[in-house]
Structures are given as structure tokens and as C-alpha cells.
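Please read through the structure below; I'll follow up with questions.
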Amino acid sequence: MLQVGIIGAGRIGRVHIQGILTGVPGARIRAIAAPHLTEEIQSLARAAGAKTLTEDYRDILRDPEIDAVLICSPTDTHAAISIEAMEAGKHVFCEKPVDLSLVKIQTVIDAARVSGVKYQVGFNRRFDHNFQALHKAIAAGKIGSVQVVKICSRDSEPPTAKFVRSSGGLFLDMTVHDLDMVRFLSGSEVEEVYAAGSVLIDPAIGEAGDVDTAAMVLKLRSGALALIDNSRQAVYGYDQRAEVFGSKGCISIGNDTPSTAILSTVDGITGEKPLWFFLERYLPAFQEEVRQFVEAVENDYPVPVGGEDALQATLLAMACTRSAQEGRPVRMDEFPVSHC
Amino acid sequence: MLQVGIIGAGRIGRVHIQGILTGVPGARIRAIAAPHLTEEIQSLARAAGAKTLTEDYRDILRDPEIDAVLICSPTDTHAAISIEAMEAGKHVFCEKPVDLSLVKIQTVIDAARVSGVKYQVGFNRRFDHNFQALHKAIAAGKIGSVQVVKICSRDSEPPTAKFVRSSGGLFLDMTVHDLDMVRFLSGSEVEEVYAAGSVLIDPAIGEAGDVDTAAMVLKLRSGALALIDNSRQAVYGYDQRAEVFGSKGCISIGNDTPSTAILSTVDGITGEKPLWFFLERYLPAFQEEVRQFVEAVENDYPVPVGGEDALQATLLAMACTRSAQEGRPVRMDEFPVSHC
Amino acid sequence: MLQVGIIGAGRIGRVHIQGILTGVPGARIRAIAAPHLTEEIQSLARAAGAKTLTEDYRDILRDPEIDAVLICSPTDTHAAISIEAMEAGKHVFCEKPVDLSLVKIQTVIDAARVSGVKYQVGFNRRFDHNFQALHKAIAAGKIGSVQVVKICSRDSEPPTAKFVRSSGGLFLDMTVHDLDMVRFLSGSEVEEVYAAGSVLIDPAIGEAGDVDTAAMVLKLRSGALALIDNSRQAVYGYDQRAEVFGSKGCISIGNDTPSTAILSTVDGITGEKPLWFFLERYLPAFQEEVRQFVEAVENDYPVPVGGEDALQATLLAMACTRSAQEGRPVRMDEFPVSHC
Amino acid sequence: MLQVGIIGAGRIGRVHIQGILTGVPGARIRAIAAPHLTEEIQSLARAAGAKTLTEDYRDILRDPEIDAVLICSPTDTHAAISIEAMEAGKHVFCEKPVDLSLVKIQTVIDAARVSGVKYQVGFNRRFDHNFQALHKAIAAGKIGSVQVVKICSRDSEPPTAKFVRSSGGLFLDMTVHDLDMVRFLSGSEVEEVYAAGSVLIDPAIGEAGDVDTAAMVLKLRSGALALIDNSRQAVYGYDQRAEVFGSKGCISIGNDTPSTAILSTVDGITGEKPLWFFLERYLPAFQEEVRQFVEAVENDYPVPVGGEDALQATLLAMACTRSAQEGRPVRMDEFPVSHC
């Protein structure tokens, strides 16, 4: 039974606590750290059976009974706590993004290599049942060699301009998941990206220096091509689709819906809208990624998605940002970071 | 926090224990009774945080701290334990069927009325997200007045002849859920049933005196008609569909699938098969029915499905059995039990 | 090039004239008979290149250049003109129904046998692309042996009470197509029918002695079961679906729509309604049945659907009528007509 | 009744002859010109009721009874015959492409302006029922303002290297239709294109100097973005889909299939593949475009798609070719042709 400490008990921290309690039988929550021990968090800690509840995450790192930590603290603390935790000999599951700085991500990767512990990054979408089905079918050769990858991601509601300002921009905040998907599904690294962005939803997003609508073409090392399109606002709900086309066929995934009900009336034949909220959509994926992390630790397997994946996705997001800003394709070897 | 005792820890008992742990925050499992305290059950009891683990369910009934019990023991004990539990002042959630004997079901109903506790029956399908979506749309008037109800239920694998012999037959074992759905979706009682059965899958089922394929037409009091068809073996998986047609439209539900993936190849455009196993298909429904039971107890609401519903569904299943055997429509008033 | 005469130039006659001109290259329209030679019909005859336009259909029967006739006159003249035409040595394609009287249908069948000409009946649905796809997949063994046949037919708009009075009733007017489909798809004759009807749409239909909603269960000689449901009014359009379930799988067909467009908005995910009008829905089928008739004549093949099929479907419709009226299952051997 | 001459009776010429005969009641085929009067063409001319059958298309241009011509001759003759025909006072429907040279297209446009006759170009896809449904929904405001347009076109079988060499390349031969669709659906001109191409299907296509797989991003004047992806070989059939996303929703179209049949077996839930051949897929569209041409001539309406549309689509295809070759986005104002 893996003894786990949770660092950070905000929205995503609570998702992971709940996820471990209900579907990760191999892990036990021993400690929770949160900056403010509200009544709600105390109640959650009790329900989780946590022995320790502390305002200082270092209490967790010092506890010799704890094997692994989940870092769910604010983004700007991810890298530092990751390194501290690995130095303390803890296996680490870190929420994404590891950091917006390439240098810091590289430092984390190096720390993981040196320390020999497991370091997994929270690219939850890789663990979603639909994307998993895509990945497995491709790996099983169902569509032959991959020629075209298409990802469509649209949020149900646009962020505030304030959030936008600290987010690193659409490509680093939102597209980063799609870029990881291109690598995951194609099995190929990317050679060059071209990105176009537009402000069509909220002028305040433009004033904050960002775009709210984007389209990309990627050239992969394998020769395959990828297309991504993003929007910050799909009024019909959180839209997450993908299609991979190859020499022997094509496989695509659509959205999950609350039910399979279809209503036929004078107004048409109407099915349910996609699930609205990303946490609802990806809840089982948040659980599955931790389950696999625990499994990797227990059996000393490689983690399914590590620091190098975070680095590559971040590099690609930066390249997209640069491409959109400079209006030209950007080759990945413009970035002086070693490719994997 | 409702203190709950679980009586019976076989397959369905374990489903409920797991369901309460992971999604019924208002209930706490205080005790578990099982005829043989295997290592597996002891481990489960520890995980559930149960204070008591006993071979004698009466220990649960005697425990004054316990508010409610879930009866998950073998079918032929349901009625007797139900009555004992209610006499002990416990609220009862009883797995279906309450009994195959109308007299015993009526006795249980009477006991519930006298005791004043809550008595809910495990018609899980009423709590399934798809059937719930149907029910809500109909209740909201989306299809106007109900004219035709159609239910299609097909098992993925046929039962053994041995099971068939003790099951009460296809209509009592399998169709009973569909008959409950007709009542649930139409909001009407049934006036007359006509059932036809055939042995097309396994001759051993015929030799055991049962059928493996069936088709029914029901006349409802409201004037609406219902059609049901059943099969003991759909090679493509557990098939659970329904359609309700009315004056303003039609609403239908299809099957749940493991993913939304669609593969296009030279062989066609292929989606995933329905979930294979009923426990997998209805897992959230098993949890939801207990959640609503707990809510009904806590707030003194009426239970969403009670003994009278069990009685009516059983009566209808018996009428179908008689109809198929005698080759004639059977009116519900042939049964001398008071209708609700 | 087959020389064809068209007897009757009402709605269905015009459909066939247009169908031959645009898609039956083996046939040439030589003559048209219509009771009133309106300007519209004269114009149609010119467009069709017809040499003869007459008020007297016997002019067509007397023309030695004419090989075959299409009988599109009013229903009550079908049988008599069929017999006259066959006696004149013409091959006959006769619109359905041949007649509502079993004796007259039998007389027509006998006349066809004696005369040695081809006699085809206009069961257009057998030639529809969807029903053809069903039939071919079943014939190719894709679903193994047939166990359950389900047909759902719903009109977009109810008939007038006046039409109802002369129609023979819902079972003879509407269900007759579905009954033919059960025979066509199952490859089996029917042994017994049970039908229930209800008046839920228009009380005037009830006052005219008919029902507007119906549900049936049929026992087939093969042991398979069939379910049919009918409604005179589906507000979302002409609804024509079928499903055949067997030992190796299930095949179903849905409705045709004007386009594949799907609109996603705050109101849901909405596709197009089925085609509204039966002539639009089955236009290619009306053409295909005549194409196959011409082919059967040219090559002396058996016609794809003949008088015996009309007889059986009519018998089944009569049995359904009797069943609904008498509230009991009706065995087909209650009818003293020889089965095929 | 418009008197029409057909110039060229190859594959597409015959499609138009058949189309006029079966569904363009306002037009009459008076003459057909073909370089070789084979027996097949003579037979077709007779069936069409054509008065004139000639090897010299100028016979058609000289015939004062002829109002309009359809130019279905080889591509490299389109522009010259178009100009000759217009000078002879004939209205012209010209198959696409008008020419691969911008100068020649501009000359044709000028000739049309000067002559005052109608000049329509064969962008058949605009008349397809699915693309029409898209266009109408967008025009009706169903999705609000257009933000993203996505077009996916994949051929069922790759062309020969020989064809590729004379085709102008994938962008001019294949993408040109998609580029026209972007303009048609967005209602906006294009400001800049970025295209990436790859040779993944047939090395011979690469050796011929072309690509067989392509992905594009377009920036529209309206601020909207467009994505196009093309493949020369989709093994599952001719794949023609589109999606338009806007401020109030999203509308998409899928492929047409031979039937709505869905087969459920142990292998999955399988629907039919898209229609294989573009002529089969777009047959009604080929008819509809001529019907609307005839209507425009008869009523002196503007033609639905004219020379300027051909020019813009060709310009866009050239810009894509340049972009893919030079590896950079190409602004449309690099081309010294006046925008519309």
C-alpha cells in the first residue's frame, strides 16, 4: 500500500483526493498539506483518513512513511516543490504545467534523473477513455501508418482577461494538451509548427495580448501532418475531438454526453450536448493517471508520461506562440534545448 | 450520517459496499453480515471501515446504532429478512426480486406500511442515466402524451439451464425490469398483456421449461400500447434500448459504449460494441439508487421505488408467463390482488 | 426495348411515367390511358414521347405493339383490369393493393398462372435501398439465423376519416407493407398474429371504425418472432425503420434525411428530420421496382414480387384486423385459403 | 424551353446530358458536339432527342436556335471555346477549371462582362445537398458569426503519376474545390494561406513533383480562420466533410452512404462506407447546377457561381502551391490580380 501525501487541496487537489479514495486501491492518503486549514479541508482530511493535516508541505516531505507526493499547489510552485520532493526521496506526481520556463522544466528533469525516483506529469488527457481508444487502435495497426492527425479543442466558456494575462497565453494554457496529443497519437516528434490566431470572442482577451481562436499546421518528423484548432468558447459545451488518418483507415473520437437520449420532434432530431465542464469530462482520467502512477511506483515501471513530455509540449506551445506572433512557420530546432 | 448495515456480501453486496464508499457521502457502513467470513470479505470490511463483521445478520438488526440495512442475501431470504428488519425498526433497501410469491410480496408491503420505515426495492434501471433522461423528457412534456412504449432488452450471454430452473423463467427473471420500465416511462398501469416465447438459442433452456426469446404487446390503461422484446443472447453485447413515442415526438435511448471511437476502414465504419456486462453497464445506477434511498431516509421523503412497484412488476411478469403458456392475452384483473 | 402502356395517370401513374423516363432505359412508354385528358396529362404524354393518349384503357390492351402495362388506376379496378390485360397477353405490373377481397386476388393469381405472362405487384418497399441492404445482409448470413424481426412504420400525417372508411382499415392500408416486410426479411411464413389497436390521435378515425395506433406480435413458422408498431401521425416525419436480430448479430435501418447536417447549439445537437412524404422517401424504389419488372419480362426471369405475395400480405392484414377486433391471437390456418 | 448545345461528350458531358434529360425540365438538348462520333455517342444523341450531332463544336455556336452551351471538352480548350461561345452570343456553362492560367481566366471574365451573356462555372460542390444545408444554416444565422471553417476532402483512389503531371498539382486539381468552399461558406475572401504538403501515399506522385497529402491554414479577411486537409487516398471511400464553427454554434456535414444499415456483431457496430466515386456522390449536384444555370438564363438572374469565383479559387490554389513549395505563408496581395 503506497503512502501518499497531497500537497495543495484546491480544486484539482480535491479531485485527486476523491479519486484516490474511490478508485486507487493501491494508495493510501497519509497526509494533506494546504496553506489554510479551512473547516472544509479538515472534513475532507478526516474522510480521507489522513493522519497528518498541515499548513507546511515540508512536513510531508520529512515524513519517512510517505512514499510519494501529488503536487497540486499553484503552478509557480510546481518546479521548486518537485525538486525538493525528489531530493527528499519521494516519488512525484506533478500537476501540469511543470513550469512555463524551459530552464526550470529541464532542471526538474535533471533532478528526476539524478534522484532515481518516479516523476510523472499530469497530462490527464492521455488517460481519457476516448483518447486511449484512439491510441490503442493506432498502436494495434488498425489504421496503418499515421498520415494526418487532427485535434479540435474548444472550451465551453472563455477565461477572464485577468486569467489570460497570467496563463502564458492560449498556446501554453490550452493548446499544450493538443500538442501533447499530437505526439502521443502520432508517435512522432514535431519538426515545424505554423500557428495563426485571432480575437473573435472577447476583445479583452486581445487587449491582454492573447488570442481566443487559433489554427495550426504541424509537420512531423515522420512526414505526417497535424492540424489543431482551438476556441475559447463553444456555446454548446466543452468540445474535445480528434481524428487520426492513415494508410489503412481513419479513427475518430467524439464527445461524451450525459446520456444517449435522442429526441425527435418538429424541431429536428436532437441529442445531448457534450459535458460542459472539463473536470466532469475528464474525471475518470484524473483517477486513471494516478492509478498508473501508483502502479509505476509499486512495480518500478517507467511512468506513462514524464518530464520530457512536459518539456516537449511546452516547447511546441512556445513555438506556436512565436509562430502566431511572427506570422511564419517555426522550426523546432530554433530552440536550443536538446530534443528527446 | 446514516449508519448502514449490509446483509450479504456476494457480488451485488460488494457492488453496494463499493458504491457507498465511493459515492454515497451521507451513509457510513457500520456492519457487514456474510455467511462465510472469508479473507476477501474481512479485507473488504476493513477497507469499508465497518465496526462489525458477522456471520449472523441478526447482529445487525440488533445493533441500535444502525439506521438502515441493505438486503443483498439470496433471493429466497429477501422477504423474511425484510420483515424482520422492518420489525426491528430498520429502514430497508432490498435487492430485487422481493420474492417470486405474490403473497409474500404483499406481506412485505403490509409490514412496511405498519412499521412506518422506508422500504425501497432495487429496480436499478430506474436510476440509470439513459432511462432517467427518457423519464425526465417525458415528464417535461417533450413528447406530449405517451402513445407507444418500446423496450428492447437482450442479455450478452444465456444463463445455464440450472439457473433457468430456479429463476422463475425469463419473464420473472428478465422481463420484470422491462415491465417496470413500461410503468415508469408511461406513467400508466397495464390492463392486459400478450406474450409469445420461443426457444431459439439453447434447447436446454426449452427442456428446463423456459423460453429464451420473447415478444410482448401490452395494453395500458391510458390507451397507450407497449412492445417488449427479449433475447437471452446478443452476441454483440448487453443490449438495453427504449423508445417512447407520443403526440409531440419520440424519444429513444441507445447503449453505452466504452468509448466514442469510430474506425473507418475497407470493412466499413465501425463503432464500439455496448458494454458487455450488466454490472458494468448499471454500476452508476446501483450507486444512485442507494444514494436516493439514503436521501429518502434522511429527509423522510417517499422512496423512489417501493414494494408496490415490485408487486406490480411481478404481477405483470406472471401475466406474461401465463399468456405465453396459454397462448392468449391475459387481463391484469384475472389476478385477485388489489391494483395500486 | 419493351413497349409499355400506362393505365391511369394520377399521382402514382405520373411517378411511374417519370421513373421510366429517367431511369428505366429498357422500357419505352408507347401509350397512356387516363379518364380525363387534361392539358397537364397531354403535356406529360408529349414529354414521354407516347404515341397514344386515350381515355379508354382498352385501346392499350388492343395495341399489339404493347408488351406490358402498368396498372395505376383506382384500387377497385385493379383486379378486373389485371385479368383483362393478362387475357390480352400483356405482362402486368399492378399497383398495390391488387384488391381487398381474397377471392379476387386469388382469381388474379389464377389468371396469371394460366396466361403465362409476368404479374408483378407494387410492393415498392422491397426495392428501397435501406430495406434492400437489410435483405442482402441477412441473405449473406451476416446475422445468422433470424430470431426477431421488428418493423416500425409511422405516417407523417393522419388520413381523413373519409379515406379511412374506404381504406379497409389501418391493417390493410398501412400495416400490409410491414407484414410483407416481415415475410421478405425473415424468409418465413407467419403462423399466428396478435394485434392491438388504439385510437389516440384522431377520434374521427375511431368513429370511422378504425384505429390510428397499433402494435402486433407475430409467430413465424421458423420459430422466430416479429413485432410491428404503427402510428398514423409522427410529428417529426415519415418514420420507417426496421431491425432484424439473429444468432450472429443484429442489423437495423434508420430513416433517410435531406442532408447529413448536424447543428450544435445551446439547444442541443440536432440532425435533420426524416423525409416527410412517402413519395419522396420511396421515389427511387418506385423506379427500381419497374426496372426489375422490365428486366424480368425481357429475360423471362420470375418477377421479384408477385400475386401470391399480395395474397399473403392481405391475409395477414385481415388476420391482424380480426385479432384486434376480437382481442385474441389469430392463427393463419383459420383462413381457408391455401398457403404458398 | 432553353435550347442547349453540349460541347464534349466524355464522362462529364454524358453526366450532363443524362442530368438534363432526367431533371432539368426547362432545357432541351438540341445539339451535341464530340470529336469522334462513336456508336455510343450516336445512340446517346438519339436518346437525348438531339437534332444535331457534329464533330465540329462551331456548328453549335453557329446555330441561331441554340441559346446556351455546356462546355465539357478537355480542360485546355475551356477558355478558348468559352470566349468563342460568348462572342457568338451563347450563354455558357463551363466545366471547371476554366483554365490553369490566371491571365486566360481573366480574359474569359472580361469576355463575359463585355458580351453580357451568362457565364457559369462548374463548381458542383456548391449545389450538393449537404453543402447547401451548411450554407443555408449559416446564412440563416444558426451559428452566428463564422469563426472557423474546416474542410476535409479525401479521394478514394490516388491518380496516376501521368495525370498528376498535367493536373497542375494537388492544390489546383483537388484543393481548389475546398478553397471555393471556404469562400462559399465563410462569405469572406482570404487574406493569407499557409500550406504544407507531404508524399505519404505514392512516391511516384512525389517524383512527378506533387504531394499526395496536404494541410492548410487560411486567414480570412473577416478574421475567421480556415483549416483544410486533403489526401489522395482514403481506403474507406470518398471522404467529403466540412464543419463551420461560429459564435452561436457549430454545423457539420458527413458523408452520404448507400444505406442507413447498421450491423451489430462480435466485430463491432458497423455502418456503410461513404459512396466511393465522386460522380456517384455528386450526381444530383451536377444536375442541380445546370438546373440553376438554366433558371438564371431564363429569368436573367445572376449565375450562382461565375468566372470571378473560378479566378479566386485558382488564385488561392496557386497561393497554396507557392506556400507549400516555399515553406512560408503567402499573402493574397502578392498576386497582382485585382481582388473582387
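In this document, chain identifiers A, B, C and D correspond to the written order of the chains, with residue numbering beginning at 1 in each.
Everything below uses one rule, namely that a residue touches a chain if its C-beta (ideal position, glycine included) is under 8 Å from a C-beta of that chain, and two chains touch if they have at least 3 such contacts.
Computed from a predicted model, the values in this text were never measured in an experiment.
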| item | value |
| --- | --- |
| Interface residue overlap between copies chain B and chain C, same or different (over half shared) | same |
| Per Cα centroids, the chain farthest from chain D | B |
| Centroid distance [mean C-alpha coordinates] between chain C and chain B, Å | 42 |
| Inter-chain centre distance, chain A versus chain C - centres from mean C-alpha coordinates, in Å | 58 |
| Shared-contact residues (touching 2 or more other chains) in chain B | 234-236, 239, 248-250, 263-266, 272 |
| Residue ranges of chain C touching chain A (in the complex, touch as defined) | 234-236, 239, 263-273 |
| Contacting residues of chain B [partner chain A, same complex] | 21-23, 25, 47, 129-130, 132-134, 137, 142-143, 248-256, 258-266, 272 |
| Parts of chain C lying in touch with chain B, wherever the complex brings them together | 145, 147-148, 150, 152, 154, 194-196, 198-201, 213-217, 219, 223-227, 229, 231, 233-236, 239, 245, 247-250, 327-329 |
